[in-house]
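So, here come the structures, one by one.
The same subunit A turns up in both complexes below, where it pairs with subunit B and then with subunit C.
On to the complex of A and B.
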């Protein structure tokens, strides 16, 4: 709710004026000091607008001070229970981002060849007409599948926009450099394992961190650093937890602020986390530190494994009992009380005393066909899986101290309350699914599920980062896509986990663009920042751009992707100009437009504009996209921006004006919110529809059984049988062809490829990781933030530095097998090299500034993503913007991808680092960034006005 | 252009100057590569750029070339004007531009220096040009040979025996204008569309053949898919 800065003097003045006006009726002339104006504000009045930052996915509450129509100050909003009024550099940079002189102000069309930096202004009408005509033309010539959409990379995207558009269009592909390499592996897998949800701090799924009523004894931050990625909210919360006595374990190659204050820091070698997780499991099992009662009663660890199944799926009851069919399929266990194999069942008050499953052992099972097999329990399978991962072996693989390792495990296992938050690090190399299974399974083994102090908790209003708001995709009465269209998504049959976000597999997309197989993507609409700085082995994409008929880039300002690839630029709004709801624990924040500049439009609405143009050209799906009957629970597109704002407000049952007046507000009061059910969430009786009593069984964990299990025993699933099923059948409403590689139910360790093939010549294992100044590819053009972090730091150990004559602060050159042409992206079918020419562009390697430190894991290095917008200034070579300091030309989109998500390798690649000179043209001194100082501008209402 | 005029042409870029310095008949590999990159920079412009180079084997007025491009089917899809396309080729070294004054004299560097000495600035000198022509350079000619559509079509069709039949059938089919659905029906069930061992179970789509032949210059869209003259010549050769 906005408030005016009404002083006593101005109030008195207003009252006098009002009194004078009342006197008009008596015929007395009144001196009026009113002056006609076309402005909606009074000069010098400062208006406070409560909004929500979108400089990153933390979405902290912010109050914008607006004077004379211009944003003059930002501060944190105390109404946000997660940040409590704090705001980080990214958020504070909002004014400079809003008024950046290089904003895309209006649509532009390329003049000359791709790779250049010449543009001409066009109208929105011409831009939309060009894109819509091209799409309809493509549809007629080669069909729907040629549509390619992308997002990610920061810059306040609404992640659901591209999948929605593609779904309404009917076919095609969506990707983002994150997804399989960022959050999807955890958000998809962990709920299937622990029955609750993922434990990502950055994506706001750890409400328990903010709970004032509980204490957390031990908090394990595995591959995550809240002090870096969310200093205002989670970073602050962890500081307070530590102050209150929480012991922390930090597993991170970097000595981050959180690691510096941890009770145990394990500087794990990047790419080896799963070995460590298996080591933790071995220790828990060997020392009987697991929660025996929880494991036996509420997990699938007692269930028997099918010895004849190639992937180790759980034994199906239909194989054992002749009266079990597909209609009542279930799992089986060995009952210690009866000495028999029995079908697993959902526990209820009237049957729970009859459930006595064996946790360990191998048992003779007589099958329905009369044969006898020996079947082990899932926990026995885990015991065998983890057997080789002794403390010493793990210490060797992960290059950590064995005593520290044991101390960490003990802190985790011997506490009253705690758990693991798994961060993005493990999503970024091809063990993403395995690490997600591992971390969730560990918490299951310890019973750290829905307990006070557990990150794995199911709070009713958990804040999330608007990746996929409930109901935004929905189930529509009209069939916008056929099963064939869905199955045709590139790489989806192989990597079915991508279906969680309706995305496609990036290397398969690149392969398709370059080879035309199985079909050619034709039109690419990209809605994010700088793909050249975010994609793995990004130079390999240069050879792809000439294959696309039309490339559209929607963003707030030009980036390397604009110059390398785009034909049309569409100006999107900054977060201070956009609108959406943001849940923050029990509070509801409204991100609302504080101003609207130039012809910029909220990207969520740009898709509507394009959809409308397609509908007008006869695209049936897009016509239906505006039809509430056709869409059902899926929100329709909007005809006007005002309609969109009303949609935003309708999510909380209000009009826009009502919401603006009310937000921020508490949806429930804190006391009620924190009165969480905890264990009663699964030990309570199951609820039926609409809150009516359901069946007599306990609620349990209903989402962890495989799709063929009809008698759901409602156990959480540390043995990921559900993953094996998904690999064979998918999780769509129809059965999909099986992936060619099985999805295995337990984590397994796989040594990274780079170190095996290139470790001799590229001796350092490189990792990346968040810093508080940037979000993905954003804000490298922000003058004050660049002053703080003008170039990427390259962390190396004192030993390596001494060997190579590098001192702290020296510029260094970094190369990898990708820049050196040794590891070239190749045809996924034939192995023919496809992108050698593009990768040759970066043969000189990239540059950064050495930070010599003991705070980096042994034989490792660290370098965060970076790019140099200064090379987009007039007269500069735009290609240098992404080839100079960009670590993503070093990373790997080749070789092994994990079966579940097709994750490639961003962390755990191998590099070599040598001393170098500062590259020409790089801005580094504070005054270099002066051209980027903000140029305030008037509220125009934006391009949709 | 009268016989009295110097036959030297006017380089308008360093690239073109480099071309002149080299032996006319043997363009450097990197010069040819630069022209090829220009032609292949954007699929919407590829055939237009190729045709321009082929047309300008003899010196042509720029206006004539731009008018020619306007008549090509592919121009309807172009994102750049004919003027911009011509000048892309000039910048890439595939064409060399010559400017003539009203008397028919070439405005080369020597002439410009003379005019500058007389007090004319760059704008004034530029204003003297009343005729602009373009001619394909040796590198441009080499690119024309390299990217000859018949050669491209043959390379495409002969890349693998399993698919050759599908390519040939499609070309034959498109001697008459065909819709996308017609092409899909033609190739439905063709063994070339079967998944390979490493294609992740994914079948090849019929549009693969359309796209490859379009890229090779064998098919063009004219409200429906039709074979090009180069496509017909390829069929005649098999």
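On to the complex of A and C.
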């Protein structure tokens, strides 16, 4: 080795070995084969900081080793009861992410045209003044509603920052590519059905899976792959379950690592999950495998359906009994003991023996007006709904083996403890609400609710420092928004489930930008990784950018969105630079800034800085946003970053310094946490207010009744009457106009549009799905990650590969009706094509590397989202960063959106795949990624210092 | 005499590749090199009744190690615990050891012109810590220790698995010590891998 090529690496090693030789006792350090141990330095030089990862939504505990102000090593923190000290590839990549040479370091403004990727450094003051002046100018000229905000996965310490800012501003729209296509449908719908909560293992629910005191017989992972999305917490937990003897069923088009360890793998055809759910229901009913006592006593399945209601809402007691009015409205059931129709009531120790509801049947009901109708029970309605979904029929629709299907249902139904975790898969196509109802209703039918070993359980969450927007957890004394402002959110009247996160409907926003109807968005502030890689049919957005007056992008790195759209770039902080209080079962972790680089600022505080600038310019709402009296229980904005840190700590009643000294810690001790009363959650007597003795009724499930039911029978609601009510009235504090399409109370199967319209020419049904290296758009610029996964794998079957002359490892080209100009985003009112020009940019289709495997059905394919940051390097064509390997130019934001959430189609689209050559300019060889190796820099205190 | 090695429970390995990155971070392994690589085996069988496992491959700590035999300078050697190591100061970069290794687990360092390999993270184990791939492993699938010591994590994992579930990479006379646990209920062990 010559001295001239003494690299940083070898220099570090040489010096470390000199220092380490004395410290190592075994003698191995006397030869040159080991790297430096940080323990080999004097121990007091390495500071261990307990923090919490945010490389994905799992938030695992991590210990950062900090030496001379720099993060030198990351390891798992055993204080986290969910990860137990484990850490995954994403978390392990935190240092390369933090010190990435391409960090956005300073605020920048665009020089030249959009797309040119030329930027000029500006001050924070200039950036904020420019945005604030533009906003005030827009407010004066066109009003408040031109504000458009967006967020997304990756680097988001505070998910609710955008709706919070919009609410203080007073009007406008917020979206993220996930939302209706990711988690909102489950998180909104499932608690309304099962009365407990969603069962998303990826979103750190399903605490029961971590419970050391219970054994779980059968765990159904439906459209979720914990080993892939969260190896260190959820994936780890499922490994332990299997080792302890839990039988698993995995429903996934892909043969995932969890599928490879499952007792039954059902490779469902993408887009057909609800047909399978109806098949499970039919089988449970036909074979009387449901939990009869739970269904009769604790669900709304015995309640009678109103035969005259167009959507099949439950019969209201006021229609039957003349003494029932709007003030004591309720549901009705047929009592088998008395032979009469009766009004349902909340059970209590002194009345439960008088409740004998018929679960099935159709009964004559004499209405208050004297007429008689025939009304069936909700369970009978379900029986009819599921009637056509025999095992054979489901096997045909879903392309699964009928024997495997039956085995899976029996594993699920014939066990003492278990249940379903519903993953993101079904959120990603327009059966999102239907699948959420279906999965939750199945668990209700089986009584797998608040039971030992059931994913649907009501364990408490430890404190977190989420900043909720006004109106989310209580309304501020000052009225920041009018009911009109709220109703005017784009697509909200039609898709009222979006209100769950205070978001708007993405295609309706795109339509508004392109047409100006019903009003024109003018200023867009976006905070996330790469909208061009995450939005469905993302090429359809290119035509939208010129319609915006100002586009601001805040993120840790430039992305395709920066170059395509942005006028101003704001540098945000990596997770190792931010603060957040994170509950993990019974433990409380503190994400804390380990360093702060360049002029980067925690995204959470950037909104505060902008709010302050608007307040100074006379925006009354933003002035009130700093006023504790006006905000009431809604958190105010902060004048300094330190004030934000104090807000974080205030969530557990501490000062920041106290919290830093104490965290991580257990909020309650594990024994106490796991000693949950299970059925007592609903069978226990309701607690009275303010320490008064409780009333005499059981707690029950009070959250599942429709808004007009004042005499709440407190049942969980597998028959989603509440959904129908929300479609007609909304869930705001005021009555909203009805949606034009009813929200139906039961799941129904609707075949994906692509397969109907384009199935002949595009023979493969494409799904996407998580891999352990990325969270949404993140880490494609991370050298060690890209070395492992340099290009998107395209999974195809050996049959398809042979027919098309494709070998494993070949590059392939993928096209869909969107890339080929057949399916163009069109005016939602007139049907006129709007984005043909933008979609023509991707007419060549996209590219990936063939993975020929038995692990995908012969008429299906799999490709995960991808983009190529290498094209943002000097001298490259930045547009290629999102047009080359990006499966989201194939996906579908056109056609049918489901009524509840307006979900569009990311999975279950049709494509064709052919052999191709590797596209020019794609980095693929390991050493290609060398320019992205970390370049550590000093703690500057960041841009807020 | 000790035989230190890693035992991997493939029943528990979920193929996250975290061990690869943990290893590279800890040992500053260059782009293009891996001291530990996860190989996917399968799926095989009749669709949809398939089997698959992930096989992390690193130095197999052979009892009769060809790499040390062929090394002309003694740079490749086994230490007193039978850990196979490379003394980079003695390595002349002839790469004989890379050719001799039946498993291809030795890496070339272009920046230092020497051969590198898994060291079982001696810098960590010498101060009482686990090798980084073991500490980070999401599935708790990796066990480090002295195979001659029944009380070591590695020995206990093997004992708990039972002899029928314990496998080693193909032995061509080199007696690999690194062991893999794979239950037949999950997948059949493949002697030959493509």
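Going forward, the second predicted complex is superposed on the first by the 883 of 945 C-alpha atoms of A that agree within 3 Å, B and C clash if a C-alpha of one lies under 4 Å from a C-alpha of the other, contacts with A are read in each partner's own complex, and residues count from 1 in each chain.
The rule is short, and it goes like this: a residue touches a chain if its C-beta (ideal position, glycine included) is under 8 Å from a C-beta of that chain, and two chains touch if they have at least 3 such contacts.
What you are looking at is a predicted structure, and each value in this text was computed from that prediction instead of being measured.
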Item to check | First, second, both or neither for A:64, with subunit B first and subunit C second | outcome: neither
Checklist entry - Between subunit B (first) and subunit C (second), which does A:115 come into contact with in this model arrangement: first, second, both, or neither? => result first
Checklist entry - Looking at the overlay, does A:516 come into contact with subunit B only (first), subunit C only (second), both, or neither? => result first
Item to check | Per-residue contact with subunit A, leading partner among subunit C and subunit B | outcome: C
Next on the checklist: I'd like to know which partner A:929 touches here: subunit B for first, subunit C for second, both or neither.
Outcome noted: second
Next on the checklist: According to the stated criteria, A:148 is in contact with first (subunit B), second (subunit C), both, or neither; which is it?
Outcome noted: neither
Next on the checklist: Applying the document's definition of touch, where does A:737 land relative to subunit B and subunit C: first, second, both, or neither?
Outcome noted: first
Checklist outcome for this item: Residues on subunit A touched by both subunit B and subunit C none
Item to check | Interface residues, subunit A side, partner subunit B - complex | outcome: 109-115, 130, 137, 140-143, 145-146, 488, 490-491, 493-494, 508, 516-520, 546-550, 567, 737-740, 828-830
Checklist outcome for this item: Residue set of subunit C touching subunit A in the complex reads 11-12, 14-18, 20-22, 24-28, 30-32, 42-45, 47-48, 50-54, 79-80, 83, 85-89, 111-114, 116, 119, 122-127, 129, 135-141, 186-187
Checklist entry - Which residues of subunit B touch subunit A in their complex? => result 38, 40-44, 77, 79-80, 84, 87-88, 91, 180, 196, 198-205, 207-208, 210-212, 215, 221, 225
Item to check | Contact set on subunit A toward subunit C in their complex | outcome: 1, 5, 7, 9-10, 12-13, 20, 23-29, 31-37, 39-40, 73-76, 85-89, 92-93, 95, 227-228, 231-232, 235-236, 239-240, 242-243, 255, 257-258, 260-261, 265-267, 400-401, 404, 772-773, 783-785, 787-788, 853-855, 857, 925-927, 929-930, 933
